[in-house]
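Labels for the chains are A, B, C and D, by order of writing; each one numbers its residues from 1.
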Amino acid sequence: MRKILTTSVGFVAVMLAFPVFAQQQEIKLPPQATEFWEPIVRKVQPGNENHQAPSDAIVIFDGSSLSNFVSSKTGQNPEWTLQNGVMTVAPGKGDIETKLGFGDMQLHIEWSAPTVIKGEGQGRGNSGIFLMSHYEVQVLDSYESRTYSNGQAASIYKQYPPLVNAMKAPGEWNTYDIYFTAPRFNSDGMLVSPARVTVVHNGILVQNNIEIKGPTEYIGIPNYKAHPNELPIKLQDHGDLVSFRNIWVRKL
Amino acid sequence: MRKILTTSVGFVAVMLAFPVFAQQQEIKLPPQATEFWEPIVRKVQPGNENHQAPSDAIVIFDGSSLSNFVSSKTGQNPEWTLQNGVMTVAPGKGDIETKLGFGDMQLHIEWSAPTVIKGEGQGRGNSGIFLMSHYEVQVLDSYESRTYSNGQAASIYKQYPPLVNAMKAPGEWNTYDIYFTAPRFNSDGMLVSPARVTVVHNGILVQNNIEIKGPTEYIGIPNYKAHPNELPIKLQDHGDLVSFRNIWVRKL
Amino acid sequence: MRKILTTSVGFVAVMLAFPVFAQQQEIKLPPQATEFWEPIVRKVQPGNENHQAPSDAIVIFDGSSLSNFVSSKTGQNPEWTLQNGVMTVAPGKGDIETKLGFGDMQLHIEWSAPTVIKGEGQGRGNSGIFLMSHYEVQVLDSYESRTYSNGQAASIYKQYPPLVNAMKAPGEWNTYDIYFTAPRFNSDGMLVSPARVTVVHNGILVQNNIEIKGPTEYIGIPNYKAHPNELPIKLQDHGDLVSFRNIWVRKL
Amino acid sequence: MRKILTTSVGFVAVMLAFPVFAQQQEIKLPPQATEFWEPIVRKVQPGNENHQAPSDAIVIFDGSSLSNFVSSKTGQNPEWTLQNGVMTVAPGKGDIETKLGFGDMQLHIEWSAPTVIKGEGQGRGNSGIFLMSHYEVQVLDSYESRTYSNGQAASIYKQYPPLVNAMKAPGEWNTYDIYFTAPRFNSDGMLVSPARVTVVHNGILVQNNIEIKGPTEYIGIPNYKAHPNELPIKLQDHGDLVSFRNIWVRKL
């Protein structure tokens, strides 16, 4: 806060000079006028480390089971691999998605590209995180492999390249901290407020509250269609052995 | 990225049906149309841990010296205490500010409230971080002390309460990760784009790209005045033994 | 639209060169890929003149009666004057408000300052338009009278001065065209999206989608409190003979 | 403004009760604390009618000559038709553009679709207004002709359909009132703030400060490239006899 200049009985009095005709008078002004006691701010216990789930987070994956996901293909239990507290894409088994739906959210997720490097560009360590099942934050091993700018890791896929390339090497763990605002539609089904997202990759800002152009499209341009306020988070099976751990969400 | 369905000579061909009169025809559409190779995304080496300075950061304080600051009072070397890699407010010695100016920025800073607890509300562990010398992210021991909502830790002081109270106990280290967009003014000196800020407190989103209402005012309402594009970051001496460490900035 | 370069069987084919490894190939790309036929855009019949109500507007006041308003004081029929298709504040009778509530809206309203000029500054031709009963677009005769910048006509009262002073002389009719987005609150009652407003005064942009700082306060700073999604529009009795005509709203 | 409750010597005194420990005290608070006399708001004389150029506008076309344009094709005087104060596309003569560049702006422009109706969809009365030569507000006779939603009149071409279809019949004059904010790029050439635009068509809001996705593309998706802060406004020759009149711009 600004420094208190003079204290007196119970509150602070400050002399202000007002311009023009008001200049002659001095006004005693209490700072309390701009102190608001409501709304009362809810308390949250942060994790011991910033990457750990705070007390109000919904833990999606803590390494013990895939029970918060279903297979997008079958609607049944996902067939991805679970080993040593890490889950890994099982190529061909399809995408998985959370049982719960989420709209406005903070999402923490960690991922690692395969150490056996094969392929180039989009063929190397490819997966993706679809917010609300529609809006993709790209997962890709673009540590030492060039692809199109709006398709590398931490891009909003085919929409926005990341501001910088903050990748770690294959086998190392990357973190994404994602702050997402869901789109809003009016009763005509017209978009009145696009989705917005901030992405922090390994502690580095790579998307600064950008306005998402519409659902991610591999082909053609994105185009919003009205949808529910909450939808599952989807993780992509793109045929590569990408691993994930430590996934939690806070509803905003 | 979205899944590739069919591959053929050199690029991917996908069948799309178009509505209305276009429906009869099938169109072979290449996904390359939406792949952009420029601008080329600059590479940055992240810190080993997310709180550590990445390769493109300007390190303001790494524990070794206060040489990147001056006293706001004297313009000379700051008289704050430096001990064990930590700097602490020297009550009465005044605010300190960076020698360099910053506009749009990512700022990482860690702070700790005094373990000897005294005072209540604004009287307990009070300091502040003034972005561009004008826009304050509040520093306060509001772990177990009630004050006005828009004056507790991680508030934009006297403007926005934090979304939640994510404080750690006195003596523990709090982190702020701040993503700031400077205000813009036109040639009439009128504000055309207010400052915006996202604040993450101990890994928890507390300010989501909010629009700052103007320079922080202890008294009265904030009111923008045109100013330069870059200004120092200021840390406040509010008379309490608040400590800081590990301060770095990335220009955005 | 962009010019069609070459047409062929049923759709347009354009040669694109892709950079890097893709450069060797030429791709035939149909523009239809980026043509979206949905959502279907609802048709609205505009007024003959732009100030006249379009077909989807809710006409609040067309000069014939005050039946769409109630007195904010009594909840009964408003006692403002209705003469020659114009309504005029009846000093002392209190504010009036629409029977209907509105959130996101386009509002057209015309007003005229009294021809008998008396007073200075805030004492001359003062009234106000409170969107959602809380957010005031100032009405004042600031044609040739100086007051504080954030209190003159077309200011967001005590928050933002207009970009320019576009006033007409007392007795002449001023138009306000207002495009308003209501604030959103989350389930904690915290603000997640402030109100926004664009104001066009006599055809001149004076507020460009600015973010309203909170409910208008004569004293102290504005501070959002969670409220319903739709609330009445209120017109102020500030003791001066300000007149209004031709008021219509479109829900957005 | 808010109603004055009590007046006293020179300023207004209001009783406020503060919560918690502060509740016992009463504070006399002057409203002047939130009155700002600067910046001084520049005066602009509005047109007699809202569609007429205000005193600070740059008149681009008032019906007398095409002297503020050049041909985009030849760089010479434009060969479009000028008759009865109206200018009309001369098919095949190419686009025309303003000699001056503009960034942030308010643009008023009126246009009329040909009365001899021929063609359907994009083939009927097609032209376009390219802000900064890159960002197109579509001009098309979509009064009674269906085309893709993001390609009809008042769409941001191939990006956003208008919120509603506010067209007038062929031969009648349509107005566009456009409020445009130019995009900003950082020193890496990365987009830090996209272009934004509000469009009012015949007095009806059709684009509400939407974020433009990038330069208009007939083929493929838009993709920002860093460019100067001011660029000409371009009007399109799409082969149809679209007419324009009364064009003026205010720099914002």
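To be clear about the criterion, a contact is a pair of C-beta atoms (placed from the backbone, for glycine too) under 8 Å apart; a residue touches a chain by one contact, two chains touch by 3 or more.
These numbers were taken from a predicted model, which means no experiment stands behind them.
**Student:** How many hops, at fewest, get you from chain A to chain C via touching chains?
**Tutor:** The fewest steps needed to get from chain A to chain C is 1.
**Student:** By that same contact rule, can you tell me which chains touch chain B and chain C alike?
**Tutor:** Expected: A, D.
**Student:** When I count C-beta pairs in contact, which pair ends up with more: C-D or B-D?
**Tutor:** By number of C-beta pairs in contact, C-D is the larger.
**Student:** As a quick test, compute the distance in whole Å between the mean CA positions of chain C and chain D.
**Tutor:** That pair's centroid distance is 17 Å.
**Student:** Roughly how many whole angstrom separate the Cα centroids of chain B and chain D?
**Tutor:** So the centre of chain B lies 33 Å away from the centre of chain D.
**Student:** Indicate the residues of chain B shared as contacts by at least two other chains.
**Tutor:** Residues 16, 20, 29, 33-39, 42, 150, 158, 161, 163-164, 181, 188, 190, 192, 208, 219-221, 223, 252 of chain B touch two or more partner chains.
**Student:** Graph shape for the chains shown, where an edge means the two chains touch. Line, ring, star, complete, or other?
**Tutor:** complete
**Student:** Can you tell me which positions in chain D touch chain A when the two form their complex?
**Tutor:** 10-11, 16, 18-20, 22, 25, 27-30, 32-33, 35, 37-38, 150, 158-161, 163-164, 188, 190-192, 194, 208, 210-211, 213, 220-223
**Student:** Which residues of chain C touch chain A in their complex?
**Tutor:** Against chain A, the touching part of chain C is residues 20, 33-34, 36, 38-39, 42, 104, 146, 181, 186, 188-190, 192-193, 219-221, 223, 225-226, 252.
**Student:** In the complex of these two chains, what residues of chain B are touching chain A?
**Tutor:** So the residues of chain B touching chain A come out as 1-4, 14, 16, 29, 31, 33-44, 46-47, 49-52, 54, 56, 106, 108, 122, 126, 128, 136, 138, 140, 148-152, 157-158, 161-168, 175, 177, 179, 181, 196, 198, 200-205, 208-209, 216-221, 236, 238, 250, 252.
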